[in-house]
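Okay, so subunit A shows up in both of these, paired with subunit B first and subunit C after.
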Partner chain A sequence: MKKIAIAALLASVTLFGADHVIDQKGKTFIPHEITVKVGDTLTFVNSDPFAHNAYTDDEANEFDIGMQAPGTKKTVPVKAAGKFDVECAIHPNMLLEVTAN
Partner chain B sequence: MKLFTAALILSTSLFGAEGLTHEQMMQTGKNIYETTCISCHGVNGNTDPEMKLVVRPRQLSKSILSEDQMFQIVKHGAHTFGAHADIMPTFKYVYDDNQIRSVAHYVSQSFNKERTQRIEKLLNESTKLSSEQKAQRLKVGAKIFRRKCGMCHGITGNGESEYVEQSKADENFIYPYNLQKILLSEEQIFLYAKFGGHFWGTAKNDMPSWKKRYNDVKLKSVAHYVAQKIKKPNNPQE
Partner chain C sequence: MIKKSLLATLVVSALFTGATANDDMKKWLRPTEVPQPTNNKLTPARIELGKLLYFDKRLSKNDTVSCATCHSPARGWTDEVPTSKAVGFEGRVGPRNSPVVLNSAYQRHQFWDGRAKSLEQQALGPIEADVEMNMPLKELVPKLQKIKGYKPLFDKAYPGEGINKETIAKAIASFERTVVSTESPFDKYAKGDKKAISKDAKEGFSLFKGKAHCVDCHDGFNFTDGSFQNIGLHDGNLTGKELGRYNVKKRAAWYGVFKTPTLRDVTKSYPYFHDGSVKTLKEATVICSHGGRFEHNVKNKSDVMVDRHLSEAEVDKIVEFMKSLTGPDLDIKVPTKFPQ
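This part shows the complex of A and B:
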């Protein structure tokens, strides 16, 4: 029974990947660079008192989480290996560098 | 006849406001500035950075506005030209045109007299557009406007957007301008977008600088798009 439980746990980690929390605070992505694996997810938390809009134009990992209200979080999958930048459509100095293996 | 023409030219250069010499305008403008404007805009146009107002008054020593644009804003108020509220109120019921022209003249000729040279220098240093790039300005500018500027200013530029709705509860929130009503020229829009509002005298959390994200060609394209497709004629009545 114990073996089955451990096997199921390992399978879920493999299947679902890890979740990486990216905070948006003071018009900055925290952390501002991160290394992840394909199959992981990125969860964007907005800790600022105003909205953000994280997105990437990277073809393989393209996403646009849209307008994100203060105090909310949104999750996107990492779909392909490579390096790509995530920006905020509103605040031009926000930059997150992602390396996906 | 030649004498008449010479006198006309002389009078035009000497008298900026009706019947007033440069010296008279400077004196009138200084008096008004030091009794009215100084409480918000500070000594020599340098606003107190610690001033506890929701929107910090513009630092006039850094203003991008021409003397005539300044006259229009003092007379009709900033709201008439796209500000969200009357952060800068209308003074047309307080002062007559000559007095308002005088204060705009005083500001432009005293602590903002480097403005023209500053603008010319920045424009001269910017990338010149090729004829092909000029032909593509509306297409390139529209794409960037919808992706970036429209997020805050709204897709029609009227200052209404989802961003405003989701952010206005922030006590330090600065409402984006209604770009349909602005006074700025295409070149001024380019310089404002490139360097951001703070460079031109607004609070730090005002319009950001886009120079790290977009090169001059793209920013000039956006400025062209705003000037041609967003901005509308704005001639307020007396």
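This part shows the complex of A and C:
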């Protein structure tokens, strides 16, 4: 698990920071915890047959990707350091804990 | 790791039930424990105190309304009138149908629009609401402090904490955590008793999980995944309470959405939907399986609310299945004597 994550990280490192793919599957975020760097991006991919969402009310990183149809993806930047929760507005039991360094 | 804990739960549930359910039935079984916050673990003293507060009409301004007035054990933990009519403070009408308190312990968000995050946070709302009990907490706390009989009960339940809004809320929440579903015929079926429900109910369950897509929202043992959905009960531009969770925050995904309710004991909780506008399970099923009450011109309707082309016989089978989710009434003795 960890190894794969590290490999994915290394593979996607660019001059502008890494992109981290978060799968929205089975009404969960996979992974549900992630450590990233400021300047990285989070890409949400909806693998379920129904709509999802992802938002955070964290002041420094605030985003809301809106209604996300099945099979689509959306990318958001990580703007500031800190710990924050990302939730799905439709399924509030979907939680992602982000630690940004 | 995961395998091991799975096995452990299996063994535990086998011990409790005397039967092992097969794997895909397991997610429908009632859990053996209710979630409890670390600062308010259940104790008999807390439950007993909470129960007295829940039924005590002195928690309202003019001693006429208790929590049980609107969420009565005799009426499926709700009030069976569309919008809490003629039951609130001096007969004032609240804007929403009273939801069931049953199993609210398992929800991450309380209220139809999810505005309260815990039962503790929720309990204080209705006490102060003018259409409910109309009792400012500033007045309630001294009122309860003056009732001598309550002091030893609070001391026993929350030693050293006193009578204040926190301990009142914690005690009521503790009682609510004991208001959970009893074993329904469906539970017996899920644990392996093939004869516990009718053939129609079994077929209804298959439709519920399959063709009818009910499980896209009414998922898990409590028959809700906690999701907020717009199922097209209203069309056009929404106003006021119809906006649902959008009133908590103007997030696009929250336009006209309401919390997916539990379907356990649903035969006891009519009328249905947040506005109490539907009287029968059949009508509710028809709405939920035909793309909502309004198929067109609904802003932000859920993408799974589409016509599933069910026959009337199929709708009837799903209703039969939902009826099998009702267990015997909880054995709760309603207090007749209150602390003086």
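Following the convention adopted for this analysis, the second predicted complex is superposed on the first by the 86 of 101 C-alpha atoms of A that agree within 3 Å, B and C clash if a C-alpha of one lies under 4 Å from a C-alpha of the other, contacts with A are read in each partner's own complex, and residues count from 1 in each chain.
Note that in this section a residue touches a chain if its C-beta (ideal position, glycine included) is under 8 Å from a C-beta of that chain, and two chains touch if they have at least 3 such contacts.
This structure is a prediction, so every number in the text was calculated from the model and none was measured.
When both complexes are overlaid on subunit A, subunit B and subunit C end up clashing with each other. In the superposition on chain A, contact is made by A:67 with both subunit B and subunit C.
When the two complexes are overlaid on their common chain A, residue A:16 makes contact with neither subunit B nor subunit C.
Shared-chain residue A:51: touches subunit B and subunit C both. In the overlay built on chain A, none of the stretches 25-33, 151-159, 187-195 or 259-267 of subunit C clash with subunit B except 259-267.
Residue overlap on subunit A between the subunit B contacts of one complex and the subunit C contacts of the other covers 50-51, 53, 67, 69-70, 89-93.
For subunit B in complex with subunit A, the residues that touch the partner chain are 147-148, 151-152, 162-163, 166-167, 169-173, 208-210, 212-213. Residues 49-51, 53, 67-70, 87, 89-93 of subunit A are the ones that touch subunit B when the two sit in their complex. Those residues of subunit A whose C-beta lies close enough to touch subunit C in the complex are 27, 50-51, 53, 55, 64, 66-67, 69-70, 89-93. Interface of subunit C with subunit A (complex): residues 108-109, 114, 216, 219, 225-229, 251-254, 257, 300, 302-304.
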